[in-house]
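The following blocks contain the structures, represented as structure tokens.
One chain, chain A, links the two complexes that follow: it is found with chain B in the first and with chain C in the second.
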Partner chain A sequence: MLRLPTFTYHRPKTAAEAVRLASEHGKEAMYVAGGTDLYPNMKRRHQVPTQVISLQDVPGLHDVEVHGSGGVRIGAMVRLTKLEHHAHLKQHYPGFAHAVREISTPLLRNMGPIGGNLLLDTRCTYYDQSHEWRESIDFCMKKDGAICWVAPGSPRCWAVQSSDTVPVLCAMEAEVELVGADGTRRIKCDELYRDDGIVYLTKRPEELLTKVFLPPPGAWKASYLKLRRRDTYDFPILGVGACLWLDGDGVVTKANVRLGGAGSYAIPATETEKLLVGNQLTDERIAAAGSAAMKPARTMDNTDLDVYWRRKVAPVYVARALAACR
Partner chain B sequence: MVLDDPTTRPAPRSRARTDAPWQHDVEQDDLEHIGKPIRKVDARSKVSGLTRFADDLTLPRMLHMKLLRSTVAHAEIVHIDTRQAAALPGVKGVLTGKDLPIPFGILPVSQDEHALCPDRVRFVGDPVVAIAATEEETAWNACRLVEVEYRELRTIGGIHEAAANDEPRLHDYGVRGNIHRLENLEFGDLADGFAKADHVRQDTFFFEGNTHLPMEQHATLAHFDKDGKLTVWSSTQTPHYLHKALARTLHPLPAHHIRVIACPNGGGFGGKSDPFNHEIAAAKMSMLTGRPVKIALTREEVFWCHRGRHPVLMRAKVGVSKTGRITALDFHSYLDGGAYGSYGTASTFYTGALQTVTYAVDNYHFRGARFFTNKAPCGPKRGHGTPQPRFALEVQLDKIACDLGLDPARIRLDNLAPRDSLTANFLRIGSMGLGTCIEKVVAGSGWNTRRGKLGRQKNGRYRGLGLACSSYLSGAGLPIYWNGMPHSGVQLKLDRSGLVTAFCGSTDIGQGSDSVLGWIIGEVLGIDPLGIKVVTADTDLTPVDLGSYSSRVTVMTGNAAMQAAERARDIVADGVAAKLGVPAGRLVFAAERVFDSEDPAKGMTWQEAVCAAEAKSGTIGTVGSYSPPPSAAKFRGGGVGPSPSYSYSAAVVEVEVDAETGIYTVPKVWMAHDIGRALNAAVAMGQIEGSVYMGLGEAMMEEMAYRDRTHKGNRIFVHKIPSLLEYKSPTTLEMPEVVTYVVEDPDRNGPFGAKEVGQGPLLPMMPAVANAIFDAVGVRVDEVPVSFEKVFAALQAKQAGKEPRFGPANDATGVPAVDFGESLKIKTPWQGGDGTAWNEPKREKKAAK
Partner chain C sequence: MPAVAGPAAQPHSRPFIRPGAPAIVLAPMTEPGKVLATFHVNGEPHEVAFPPHKTLLEVLREELNLTGTKHGCELGECGTCTVQVDGVPILSCLMLAVDAVGRPVQTVEGLADGPQLTELQHALADLGAAQCGYCTPGILMTAEALLRDNDRPTREQIRQCLAGNLCRCTGYLKIFEAVELAAARCRGEQAEPSKESIHGS
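After this line comes the complex of A and B, so read on.
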């Protein structure tokens, strides 16, 4: 059996205590929410905190609050299952609710909260392997090694952003609240991530993600479309998050398109966005916008399925995600 | 089911005498339990989680063992330093190859494995050191402290590489270089057969390897006690073969001091049919430490155990008449065997043996080559060696039907192998219900009106139908090691309480073999099957059964159980006859009573009957055993293929293809399976649906893919994705609606006419999916798995005006150049052949290695 390594388990009763514990133990510490990402990683020995800080008992993280404006504040510890079935979210944020439903299986969604999902480790088929397997390739730079197997000449890691909600939340311009040792800050979702497979967050390690803010519903529409081999269980190998602002004539006034599973962060498809703004969503326009999407993408051979195929079908998926915003 | 009123029972049933158990003459419609949907004898403990699998067992003072495995694909072991590991607190025992020097292997001709590699590792995952400690984590940590120095050897990465590189040899036995086996068998007159053909096609196919993926990861608990007796509990399908391997490798421990208990298997599918290194190492470790030792493998290690589907390259040339009748078949297969022999010799023959059992092939040439490569060893997986050629031939037949403008169902019906016949390669076919199977799925799927006409749907996707067929064995006609003893034995003990206990070496791997024993014995003795105690798979207590592989248990154990039960019935009948004063021949056994057929009120309960018999004859125990009928094939290699009977299957698969991406789904499957007779239709259907599921996984996505990289001059060659998440296998969402037809064409060699269930119906899935894709979007994928990217590539080729096909090069470059030497030439039965090869050199007895 694959065993967890030995660790100390903390259950702080306040956010401040959690942050204090994390600061105190530094590199040795990690937060755990649902544990569906961290514990498998610990079993494979690529995340090896000796101090695990549970957020289970921290108050104020477990609720969904709907504001008068219709905007929503989601506590970091709200389980995905609750979001998936939340009436207000289903009605006013169908793209986001759909992205939540696309995450793995009902069992995982029962365990995993939104905070953990936003902070999910980046993934790579050379990295998400047991210690023994990684030893047989002599490890890689994301953990214990020197080389990147995906791009051996590269000085950086290309591990893949793999959360399903991140592309659509970034496209929607959702925000998150972080509580650290020096106080609280609120940033745009886009700003939470970095283009690096190893240090993939701008968040400091001891900073606690407490809340996610969804902008009030308005003249925009968001969608999420996921490419994967099986309709359950599998991580995205492409996750298209699109959010389009439309005027009364159906002309796109603003477009945010993010590509998940195509690089180390949710990559903005800037060409696609440009092709959309100022135009109506005709079939031709959508097809053209889809075709332009993959230019900034960094699809590499480190997920499921053939890399060539993934590049070829991506435009089709982007176009379909855009069509869903009509 | 129990009849309410025994007085309505008809006249006594005549059952065959026990000296020829394969010639039953049962009145099929007059059965009390057989054919009824009775629950499995172990069903309730299974579904309520009470079944104790090997990993559920613990013993006082038990140690946990871990294996340190090779991190390189091919190397000599220069030096192993275990001193630091041994010194870690909690570590109680360390073993290396030196401690277990005797090689083993499932087949006598390939004793090429060691429990721990002594001087050479042959794939990433080969075990090198075993460490036992008080905690599993300690054992794992200790493994990290072992230093192994390797001298790397060139890696042999696949079929073409193995054929091109004789050096370094993985093993110093085999044909030559890295060729493990070469077979070359020619039946009939090929030149004449092809001369008679109006149309000849030659195609090349590739079937990638895949694995069993049982939910239960292998686990073993071994205990060498203070009296010098060794007990090994293990998740094994073949306790008898494990017993033999332990006796061999633990020499001089006497065989009768070793007890193997096969725990219920949480799925096997062939993946637990070999004796494994971890089982032997755990036993040795217990002998070393004097404490019970358990090892529970990780999922990754299950991938290293493997023994799954061989990757096979195939080149098939077939000749047909204008009407599509096969006149000749020339078939080549090239198997990637992985690092060890395992069942590979048999697997190689199986890629050729059953070609003639599905359709009549009058002239047949088979050439097969198996190679050693630096991958986890391949072996038997559900269908053992036969799904790969089935894929090739069923797709090829579809192409021929297309070439000639014939209906793919018709061309198959016109080529059926005849029932009660000898094939070109001397396999004896008995009952044969393939025609009925085809008719069922054709009718059910609306084949005649829907095939080729489904086309584009409202959702923009394309639908299509594909058909394919198969046959499969009901157990191998010959045992794995040569001996003249029965293949299966059953002992019955009748108790004064009325309890009947059946002892048998067979192993329930979830397929229901324990229940089969209960149903058959219950039927013969007229008692409730769920009241019978079944004790199985314990080498101390139960007579030998060769194991749960090759679909042999229902037919072989079933016949043995029948014989034992009939003998018990005779003894009980004697006692009752004496007590009631009626002739034994007039007694009926039914509804838990024994009574006079001419005066049903005159009788006694089953319990009273057992007591009467014990009073008359003394303690009651009987035995039954079974050996398959002798084979007609007498040429070298003829030992693989014969079986008491053959099952048949036909499938129609419906697919829906997204032509923009190549992504497709399988919404519906129609599967018909001729199983001779359903001993329990509900359980049989479960097996059939399981086959559909497993076949769907092979068809759509499963593959043992390898990472092949070079780094600082060293080649890295390791399984790409040995995890349950990333080795893709279908989930409930991919599972289609399945319409199952249980076709019953009773066979004289089976208990109550039963044949094999549940391996055969896996086979047609892969070709039927490929054929359905063709029907939907007009492209051919000549490779398994038929994954999305391959469909897409073929669609792109079509768009570009190229051949709308994805697959290995369809010319001489597609397969390696191998000199197969001179063929063994065998005259077919209709050429007056007697089952021997007319040019066979005198056989020398080769000493087993």
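After this line comes the complex of A and C, so read on.
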């Protein structure tokens, strides 16, 4: 039986107390929201905090608030199931609601909150394995080892950004609130991530993600399209988050396209975006914009299915995601 | 032929009261590193001492001997450990037992009322929707929650609902049919499994 390592369990009653505990214990401490990412990782000894700080009793993190403008503030501890069925989100943020529905399984969505999904650990074929499996080929640099088994000559880790909500939230320019020891700051979702498989977040370890802000509905439309082997369970091996701003004539005034499941962060498809801005969304334009996404979808052999096939279908998936924004 | 055993002993959670006798006080079974807490499982209180890093699955199976809840992948990928906490189906392998203290926990043992099976259990049995049976407790707990909220689920809703419960035997078809049959019977309809479902077409 896979068992958790021993640890001390904290359930602080305020955000300030949680941050204080995390600061006090430094590298020994980790936050837990739903536990659906952390506990499997602890069972496989990827992450072995001796102090686990649960956020379930922290007030103010469990609500979805719709503002007068139609914008939405989501507490980090709101379960994915609640978001999936939220009437306002389904009506005004269908791309985001769809991305939530694509996450893993209903049972897991009953447990996992949005904050944990945004901070999901990066994944890799050579990392997401049991301790014994990893030991047998020698550990990789993401945990306990010194080499990257995906690219043995690489000085960096190539583990993959695997959250479904991140590409679409980055594309629609959502923001997050972080509470730290010296105050609260609000940053763009994009700014939360770095292009590194190990240190994939820009937030300090003791900073607590408390809220997600969705921009008010307007002349923009977002979509998310996920590639995976099965229709359930699987993490994305490509997750296209697209958000297009259109004027009255159907001309794209601004475009954000992010590719998840391809690199260590949600990669912007900048060429695709350039091809769209100033143009109408004709079939030809969408196909051309999709083709331009092949290069940034720099797939590597560290997730499911064949690496070259994945690269070939990236343009198709990007085009479909763009067409869904029409 | 040996004598048939009498009724099974009552669970130890039942209060042991002898009027007039001095109360028997057991020393709390705590040791350093353990917590003592009362779980409410299937409507019964259970006092258990357990280390705080134990999952709900471990406490249910190893401390309470409620082995109806199965352990499969233990990583949240198979759904056989599904139980209901606050009426919501969750994966007991990924919930700490301490987080379930004070909340109603429902396991597969709590479904039947004595020998009286629920409609869902009957339907699974009637249709042969359990083969090796290892996924069945998880399927039952997930589908039971669906039928509570929706007495007329569509095939697609059933598929979506059970998308987190792996079954490697049945191919799911009989399970979906069984949930539909149970829903019909719960609505009071005189539903029987189709001939094709039992004998094949």
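FYI, the second predicted complex is superposed on the first by the 326 of 326 C-alpha atoms of A that agree within 3 Å, B and C clash if a C-alpha of one lies under 4 Å from a C-alpha of the other, contacts with A are read in each partner's own complex, and residues count from 1 in each chain.
One rule holds for everything that comes next: contacts are C-beta pairs under 8 Å (C-beta built on N, C-alpha and C of every residue); 3 or more make two chains touch, one makes a residue touch a chain.
The structure displayed is predicted, hence computed values, not measured ones.
Novice: Touching A:Y308, do we find chain B (first), chain C (second), both, or neither?
Specialist: After superposing on A, A:Y308 lies in contact with chain B but is clear of chain C.
Novice: Looking at the overlay, what does A:T36 touch: chain B (first), chain C (second), both, or neither?
Specialist: In the superposition, A:T36 contacts chain C only.
Novice: Could you say whether A:T125 touches chain B, chain C, both of them, or neither, answering first, second, both or neither?
Specialist: First partner only, chain B.
Novice: On the A-aligned overlay, A:A16 touches which partner chain: chain B = first, chain C = second, or both, or neither?
Specialist: Once the two structures are laid over each other on A, A:A16 reaches no partner at all.
Novice: Applying the document's definition of touch, where does A:I137 land relative to chain B and chain C: first, second, both, or neither?
Specialist: In the superposition, A:I137 touches chain B alone.
Novice: Between chain B (first) and chain C (second), which does A:R229 come into contact with in this model arrangement: first, second, both, or neither?
Specialist: After superposing on A, A:R229 lies in contact with chain B but is clear of chain C.
Novice: For A:P5, is the partner it touches chain B (first), chain C (second), both, or none of the two (neither)?
Specialist: both
Novice: Kindly list the residues of chain A that each of chain B and chain C touches, one partner per complex.
Specialist: 1-3, 5-6, 231-233
Novice: Name, in rising order, each residue of chain C that touches chain A in their complex.
Specialist: 33, 51-55, 58, 71, 74-77, 79, 82, 88-91, 94-96, 98-99, 142, 160-161, 163-165
Novice: State the interface residues of chain A toward chain C in the complex, per the touch definition above.
Specialist: Against chain C, chain A makes touches at 1-9, 34-36, 39-40, 43-44, 54, 56, 104-108, 110-111, 231-233.
Novice: Sort out for me which residues of chain A touch chain B in the complex.
Specialist: Spelled out, the residues of chain A in touch with chain B are 1-3, 5-6, 125-126, 128-130, 132-133, 135-138, 147, 149, 152, 229-234, 304-306, 308-309, 312-313, 316-317.
Novice: Quick check: in the complex, which residue numbers of chain B touch chain A?
Specialist: Residues in contact with chain A: 55, 69-72, 124, 136-137, 140, 217, 296, 298-300, 660-663, 701, 707, 709, 711, 716, 718-723, 725-726, 728, 730-734, 787-789, 792-793.
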